[in-house]
């Protein structure tokens, strides 16, 4: 038991470092499969954090949430993404609008911004700065991925990273919202992804490509 | 006593370098489901080369003749900087990391000159590519060191290593993680490994390091090959020393030294296997993508420096 | 218990109507279910009027404000579904375009919107708000054309991101509540928050941060500038009944959510901060949308921008506060939904007869489509705020509040934008009504009974409310205002 307590303590204090690493690798990855694997790893880290929080604070709800994250975000959603990519038969190369170097510099700027943004709130919430900056950085990264990637599938992934960030913010500050609400949020995300998958198929069928930067017929 | 151990460290680095190369090649062969040559093959290669005749191109100047010796000399000096079994080395307290980086740069500079001087087209091509890569790799190399030095408040490698050794192994620091990523990418670029350069290629148009040494033969070629092996060993040992120095003997006890040696062996083996996995798993980057690769390394190391301001760990 | 009725009717109705493969039977079933739905909503509204507050369990609650929005939902959904029964009589090509799928999706959509108005818990409200986006995305992309698919994708993406920001705001508010000492289980319950706020001190930084994210997030669903990019596309490419539902009901539900948060934040940190934000967003939306109306080519896009402008006006009314401003805002919500529905119905008929919604290709309407022209004229005059139509009354109330609070910039901008919009609408209207007969004469200028009956009801309502607001309605609005106080 001492080992578990020690491990959870270390997880809680250093998970944000690993999350920053996944952020940096996400913005430079050029293949869709790498991005999905990184998202899976990211969700696994967040699930470990939820598990550690449940252990430390003795909250059964956190355990349930951790299990849900593992089931849905670490296993189910990446499998669905791979299946979707296979069915859509798209090329695996991301057409990003920024080069990897620019992306990493932007990611570095975003990480710095997130630290700067949480400076004033860290004291009032009794949470170390890292644990607050990581969710904000995830949110910014998700937004950046949605904006800079041109493929519909990558926009969905960016949205998921954004939701990861918001979810992590809830976890570190308030140890999670009431369980019913968390489950409702999960369902919403799942159905949202289902709908986006349907739309991705429709886009591919009507436009013959998945490049959303070329969807510019409606303007003005 | 300390000096003796430092000399033994340096000798280990220099003499063990071909073995490191052999082990990496054997791991790659294993991953690619080949038999592979024996791990002591580089030694027999060097011995063979020392016995062969030394031919010089008719157009070569004095630079061409002295480059191998200069390269070997600077690389030996670099090897003297790296601590193996204790947080000190021959030159580790005499010069700081700037000297380390620029000794390597000096060796590379002369190698490039020799490549031009050889008179072959591929030499010039390899030399110019090497110039691009090394100039881009300089920034992340220095910045990673700078990040570590800021944390340790020491600019010499021995100081950084002993500071790191005193930290708790489980406090994973963001700065170290970022600096390790960046430095690992630099090591790949500096030592001419995949995905930046293929050390086993025989297609001259894709050569970078090999292109520069095409015209050398005999003992001179042996010295150059040995120098590049020493460079690989030193940089791997540097990664181990800077980021995973626990296990080094901080006191001068013989028992501590004897314990630290196999521990070092284990750590550097892990790195060698990792290198083999990366080399086998990634395709060589096309030349115009190498600046992106090193740009990412620069950004990561810049972030490491920024992080030293953010969390004082 | 009665609170569960509209929810169950809508949900089960969606499943039931999917079972009917015959179009006529499905349509009739849909109309029946709509009737049941409206009846149950009326019962609830009446009970709330008598008893004040109805609550079921921890998550469903109806008070004066919710019942006002329920009236809105009931009335407009009734009109829209009757209209749709005639409009959607031609099934499209493709797999999911038969009327039964349409009605099923519409009932799901109604289910989520009613749940937003019925939820007592801010978290549940968020979940159902996201649900409205998901339920209506397939409706927006219903016709499967290139434009519809693009509009649907943009709608889904932009609104989901916006709602995610609203989730962040909800979390920050939850954090502030828990930190101030509230029980975590009830920290998201609106009534509990309103009750606890005067007693406990909430961290004002956190509450302000929460409101900023909430207004950006839910403001995306309302269509505030600069988060409005999805709105013109979605409202233009959706089938006409869906456009009416989106403009007239969904935007109001999102405004309802913002009103709930506004009440909480005003009680926590004073009314100045949230009201200033509402004023800023309101004025921006009104001005930008009003100006963009001048350069539109598609009739439904024109109406979508008009919706953005009117939501801006409602936000200005809320931001001004005061009894007259709040009254005007609430009344305007209702009036705008009626007027916008009328406009969309006429647009639907234009599309059916002319085959296009491009205003430059529609000419000589007064001769060929007399009934639709009347409806279009009535709707446009109402929407730009002319008396004797009802929007004049609500806009006048908001304007008088602006003047009485000496906010002359707001009032002047308001009047300027109204004039600009009046000019734009008149120009396009005259161009469409007058002029030579079009090359392709419309097929059949007559309206179906389903169509002209609802258009007639809407027009009469606009006129009636413009002349004299029924007393019962005034009382309902005052009940709603009392909730927010």
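Which chain is which? They are A, B and C, in the order written, and residues in each are numbered from 1.
Please note the rule applied: contacts are C-beta pairs under 8 Å (C-beta built on N, C-alpha and C of every residue); 3 or more make two chains touch, one makes a residue touch a chain.
Remember, it's a predicted structure, so these values are computed and weren't measured experimentally.
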| item | value |
| --- | --- |
| Chain occupying the most central position, where position means C-alpha average | A |
| Identity of the chain that, by mean CA position, is farthest from chain A | B |
| Chain A-chain C separation of Cα centroids, rounded to whole Å | 32 |
| Centre distance in Å when chain A and chain B are each reduced to the mean of their C-alpha atoms | 36 |
| Separation of mean Cα positions, chain C and chain B [Å, integer] | 66 |
| Residue numbers on chain B that touch chain A, as the complex places them | 170-174, 177-178, 181, 291-293, 295-296, 298-300, 302-303, 306, 310-311 |
| Residues on chain A engaged by chain C in the complex (per definition of touch) | 120-121, 124-125, 139, 143, 146, 152, 155, 159, 162-163, 166, 169-170, 173-174, 177-178, 180-181, 184-185, 187-188, 191-192, 195-196, 198-199, 202-203, 206-207, 212, 215, 217-218, 220 |
| Chain C to chain A touching residues, read off their complex | 121, 123-124, 126-127, 130-131, 133-134, 137-138, 141, 144-147, 149-154, 156-157, 160-161, 164, 167-168, 171, 174-175, 178-179, 184-185, 188, 203, 205-206, 209, 232-233, 236-237, 292, 295-297, 301 |
| Complex contacts: residues of chain A adjacent to chain B | 10, 13-14, 16-18, 20-21, 24, 28, 99-101, 104-105, 107-108, 111-112, 115, 129-130 |
